[in-house]
Amino acid sequence: MSRALIEMDGASKSFGGVKAVNNVTFTIDEGGVIALVGPNGAGKSTTFDLMTGFQKLDSGRRRTMGIDTTRSPSYRFPELGVARTFQKVRLFPSMTVLENALVGGLAKFHSVSAAEGAARRALERLGLDDRADRSPAELTLIDRKRLELARALVPEPTLLLLDEVMTGLTPHEVEDAIMLIRQLVDEGVTVLLVEHLLKVVMRISRRVLVLEHGQLIADGTPDEVQADPQVIEAYIGVPRHEEVDDAGR
Amino acid sequence: MIGQVPLDMQLFAQTALTGLLLGGVYGLVAMGLSLIFGVMRVINFAHGSIVLVGMYLVYSLYNAGVNPFVALLIAVPLGLLFGALLQTVLLGPVTGKDELRQLLLTLGLSLIIKSIAQVIFSPNSLSLSGFTAGSTLVDIGGGLYVKPAHIIGFAIAILVAAMLVLILRYTDLGRRMRAVVDDSQMAESAGVRSKRIYTISMAIGICIAIVAGGVLVTYQPVSPTTGDAFLVIAFVAVVLGGLSSVYGAFVGGVIAGVVQQLTSAFVGPALQDAGLFVIFILVLIFRPNGLFGRKGDVA
Amino acid sequence: MLVVDGLEVRYGDARAIRDVSIEVPDHAITSILGSNGAGKSTLLRAIAGHLSSSGGRIVFDGEDITGLPPYLIAERGIAVVPEGRRMFSHLTVEENLLVGASARRSQSGKRKRLGEMYDLFPRLSERKQQQAGTLSGGEQQMVAIARAMMLNPKLVLFDEPSLGLAPIVTDLVFETISTLGQEGLTMLLVEQNASLALATASRGYVLEQGRVVVEGDAATLQASPAVREAYLGMGIEGEAG
Amino acid sequence: MRERLSLIVGAAFFVFLAVSPLWLLRTGYLQGLGFEAITLAAMAVAWNIVGGLGGRLSFGHAAFFGIGAYTSTLLVVNFGISPWLGGIAGMVISAVVALGLGSITTHLRGVYFTLVTFVFSLLLVNLARHFTELTGGDVGLSVPLTEPSFLMFQFRGQQSYYYIALITLVIFTAIAWLVMRSSFGYKLRSVRDDVDVARALGVKTEQVKLRAFVLSAVMVSFVGTLTAQHDLFIDPTGAFGTDRSVEMALGAIFGGAGTLWGPVIGGIAVVVISQSANNALQHVFAGADVIVYGLFLIAVALWLPGGLVSIPRRIRAAVEKGRRKHQDQTTPVPPRRQASEKSRR
Amino acid sequence: MTNALHGTDQRHGIDKRHGTGERRGHTPRRIRAAAAIAGASVAILALGACSSDGAAGGDGGDSSGTSYTIGLPFPLTGSWASGGQASANGALLAIDEINAAGGIKALDGAQLTGVTADTGSTDPGQAGTVTRQLIEQDGAVAIVGAYVTAFTNTASTSAEQASVPLITMSNSDALGERGYQNYFQVSILASASGGSAVSYLKDAFAAVGSPVEKVAVLAANDATTQAQGETAIQQASDNGLTVVNQAFYPQDLSDATVMVQTALAEHPDAILLGGPTPAVATIVSTARTLGFTGPMVGLGGGGILDPEFGEQLGESVNGVLSMTSWNFDLPYDGIGDVNEAYKAKYGKFAPQEAGEAYVAVWEIAAAMESAASADPAAISSALHTIEFSEGPASWMPGGSVRFDETGRNSVIFPIMIQWQDGVPCTVWPQEVQACKPE
């Protein structure tokens, strides 16, 4: 658990007047599940964008797998073993489900048939293989998210960034997703999650980073973070539906 | 050719003035194009032909004894009607669809309009014969000359530009137009009749082009192919200004006029369009969203 | 009061919902539960007029509104807070709200309503002039709700308002929904988060593969073993609600 | 399976084209038309790589047509260099120009790209007219008529031209087929659908766009050489004019942009339709054919969104629907209206 | 694409089209649009069928004997359509007259049929294609065309490849330099008309007593006009004149204020100009309102000779001069009647290109008479050997036409017209003068 996969150093990004990410420094080390949480608009997705070169850094530096990637374009990252999903699902509308996944493999595999093989395996893993020839428009939102996840898995990344993949899942489906994530971790993939389902996050992560107003306000084990008054104040709030939860359980 | 022209201030002033006045009307043409693109996301390759319709319309009215500027007033409702009709019958089904289809459709329309124009009006170039405001120059002092029709055309252009910008920015109609651009179905759920908005936008866009044609014919002869040049200039203007910024399109038109005249005077008339095109390409390289454009803006 | 009677909607050849009948009583919150792809959004979109049905009727305030276009449905007082929020991204927050009132005639009414919305969501008042597309998810959800309320609606259709919201914002949103409910607004609420939904609603339906499988008041549903097993799960989402 | 079928049908179509001078296109005039149709198809295939697969509507491909035409013509007129070599030289120059224009336009999206390419070709018209020493200006350049000679690209009658064009089309179609199956083809399509995501998935988007542009430019350039040597004349508007650019795009779109066979069929269909309209209608009044042609474009835009190649698919869909209706009769659910996304843009 | 027409009225089609198809109450839009398009297509096709019948009937006249086709490729649409249609009209008029006069007597009164074909307006290749069609499909034994140099170029190549003679009214010098055996140019060379513009101007105005020393040249940058302009500039300095300003402008010139002001700043005594009608009309009116009173002289061909030029300028057209190689007031018997016939049929006086096409057709007829054959090769060699010195075939300046081995008309000299009373009138050289220069 020592190799640094991504090191962000003083990363900042603003849009117009809004400082979406403000001088954030952290290191993602190898192994397990790490979560990035924070209120809406805290800058989580933007942080993902900055980590993957999807947005350019306004200032600060970035290293990926030990290499300085501050100025690298986003297409460098899959080669380095970094893959991601998008909070707002973005698929290739004119391609079939299989082709969508296949494109994900082209960064790693040089032949189309190798990429196709990997794509089929990923689809199978996510239970989409029976819809390989469909258009993504025919999928439900959740399946579209699955497809995006499959596409990210095709190049067999070492670091996987998942932006709210469990949002909208039923409890059963969430359990399936957790299983999948654990499997991936066992295979040696490091998973970085953005998720609002706190219970899940706290259950599966070994480390939690908390963002607020573009700044890192906490970084530690789930227990440490949950106890942090600043985090409670900004993010968790005072649980109002505790009773319901109990009833539900 | 370079260097033969004495680069004196008076020539410069005349060139800039002429360019400005011509450019205003280019801007007018461009605004219609920009509005149609901005709201419907349709690049109207028939826009030059619509300008042509305006030219022939005012030409015909003039020959029927109507003063050209009065004819413009008559052209307004006709233009609105024409635009609304185009949208309901032809463009409606491809609005919001594949841009390739819109391209086929507007190109087809343009061919048809030009052919019909040739059949009705002959291939010859026609002008408002005897309408001196469009052909004679008036000395406005300082050795500067203008055609009265240019001035009136420019004034009309300014007026239309101001009206349009106000409508888009500050009225309910304008807001609805822009909302429909972003998410037409959601807009409908807020009570906006998006088809009506499309029809209105197209009507206004086409009407502006018709009016621009009407203004043009007061000082420029018309033949079935006259519209093509304006299509190109309107494209240039619209992109210079930032595609869906209507105000930018107007300014883009003015810039196009001035650049064209300056190149003509100081580099050579044969290269007047080349100068414009070079500027155009340079702007796009350095400012991909045009001079005034923000992504996806209308107004 | 809204009555949906035997509704069927197809996507191409696939039937997304079939023979769905529900009733939404006035001045109460009715909730629809169901797993992914059960057809919840489809039902709401059919009511809103975004989809046309292939069978059945939708009756609102005694009037058959089946097949009406969305803007006429809006004019009858049904507002939508859609799945995914669907901002007018290039419009400012304020413009989004003003467009939301398009079905209303009175200008002064609009302005007044605007003020009320800013009181309800002070955050939006700070961001009046920001382009809606650049807001965070939570902020957008506020805009979506406020935009719907601008219509001064008789019925609001909510499609998964908690989706992607931080717990604290989810709280805020559901507090708002409860408040509005207490003020007597009629609402139809689709929500994945069943515990949250049932805590807020007075009545509920469970949709499964396009059909209504269970219906009843909130307490009954909460007590139903089937619902508990399938939708309230092992409480993993509890904290979020 | 379906792909195999399309290849067989396509091969049969090429065989048909190859034998048609023997029975259908018997006069030089008809073979000349055949030459025109096939060269347009070849340009449409080339254009399709950028415009269809890449989704970047170039409206300035005449630039490369013109470069090919002028380069080979200048070389043969001034130095007696074989147009075959001239054609290669034209392709090299086109590649360089495409590389230049391509690199400054890779960051332009959608319409902006379309308009820059459009204006670029117009700029070349202007320059070609102005720099008369080089290009002969508006007078144009004539290639001297010589004895038939393969080397000098001069043949008696139209048949040889026809077959050279046909071979070109076959080669171009093969190139397009290879592109579509290659990872380059997938990347190109991903760029068309969503550049940002493609990039985030490791696609070097600028490089992909640029390669497609250069490949397509080089191909079109060769057709420019073919046409100039066939016509034995070239002038600025004929070489760089907008109509040329539009025509090749139309060919591809008409047939079905982004598909393998669409541009082939579409390019040929455009010439066939416009020439037969012309034949049938010119005596009604000058330009009647243009009106019919325009109506055709509109009809395709309104009712045949996928272009001509989508016709078989539509027929199949209609037939299947009919069949299903038969089977469905046990459960009579009146499919009154299908759920369609009403008015969603 | 061809048109077995025969002076088919270009206009009668569309008017009928109007009423059909459109206006359908409340049917859904799709159907409405479909109906409109289908209706329009059907209407046009139907009209096509009708008028092709008409053309076939009207053409061969009453002769039951043979008929030979003359191919007329011209730009009938697009930006060159105006001159293209005038040329076609002139040729068709000649064919009518020849047929009415009993056809080709040496061939038992065989009739001629004029078949027009549209070269379009941008792709020179199309002119080559339609010429091939005229020869191969329609069996044209000779071609008259194609007005615009670029189209004449490819058309004549097609004709050469098929060994069919082509007579053109284009002006470019380059056309005759290709060594074609079947190419004939009845009109004046661009270099000759541009060059003579200067000397005629000098002579004519010296004759009326106002010498010209400084000239400005404002020419469009199309092939012919630019060549004329360049030769004029050359000639001016050879003749001891100073060219104080020169500009080659684009054909779609939108405003001439700056260009004309720049020229006038150098105080030229005369302006030499050329280009399409709208541009030259703008230049003339701009120069006049800026106070220029000196002579303005067209370089030959193009817009300044068109009837529309006169219509556009109204009164102020009078006084404008131009070089040309044909005018209906040339001192040859009957030429005026032809102009009257043309006017009766097409509503306007016959412009230069119509006259040239008219003469060219008569020359083909004469060649057929002389060769007593309709074999293209025979016509071609007759065209090379005959001196056309009588009848309409000779109605070019010089009173006769003789094609040299390059195919150029070796007799012709340029003439100068002046717009007087709204029509062009020949003023120079003196031997063909119809009016005095004003």
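The chains carry the letters A, B, C, D and E, assigned in the order they are written, with residues numbered from 1 in each.
Methods note: a contact is a pair of C-beta atoms (placed from the backbone, for glycine too) under 8 Å apart; a residue touches a chain by one contact, two chains touch by 3 or more.
Composition by chain, UniProt nomenclature: A, C = Branched-chain amino acid transport system ATP-binding protein; B, D = Branched-chain amino acid transport system permease protein; E = Branched-chain amino acid transport system substrate-binding protein.
This one's a predicted model, so the numbers in the text were calculated from it and none came from an experiment.
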*Return the chains common to the contact lists of chain C and chain D.*
A, B
*asked:* Quick check for the class: compute each chain's Cα centroid; which one is farthest from the centroid of chain D?
replied: C
*Between chain B and chain E, what's the gap in Å when you average each chain's C-alpha atoms?*
34
*Between chain A and chain D, what is the separation of their C-alpha centroids in Å?*
43
*Would you mind pulling out the distance in Å between where the CA atoms of chain A average out and where those of chain E do?*
73
*Which chain D residues touch at least two other chains?*
126, 129-130, 242, 285-288, 290-291, 295, 298, 302, 341-344
*Considering chain E alone, which of its residues make contact with at least two other chains?*
10-11, 13-14, 30, 33, 76-77, 81, 85, 221, 250
_Complex interface listing, chain D residues touching chain A_ = 181-183, 186-187, 189-190, 192-194, 196-205, 258
*Tell me, which parts of chain B touch chain E in their complex?*
1, 4-6, 11, 14-15, 18, 22, 88-90, 92-93, 115-116, 118-120, 122-127, 129-130, 135-137, 145, 147, 219-221, 223-226, 229, 260-261, 264-265, 268-270, 272-273
*Taking the complex as given, what residues does chain D use to touch chain E?*
27-29, 32-33, 36, 126, 129-130, 132, 136-140, 142, 144-145, 156, 158, 227, 230-235, 237-238, 241-244, 275, 278-292, 295, 298-299, 302-303
*For chain A, which residues are in contact with chain C within the complex?*
15-16, 18, 37-42, 87-88, 138, 140-143, 164, 167-175, 196-200, 203, 234-237, 239-241, 244-249
*For the chain C and chain A complex, residues of the former touching the latter*: 11, 35-37, 83-84, 130, 134-139, 141, 160, 163-171, 175, 192, 194-196, 198-199, 222, 228, 230-241
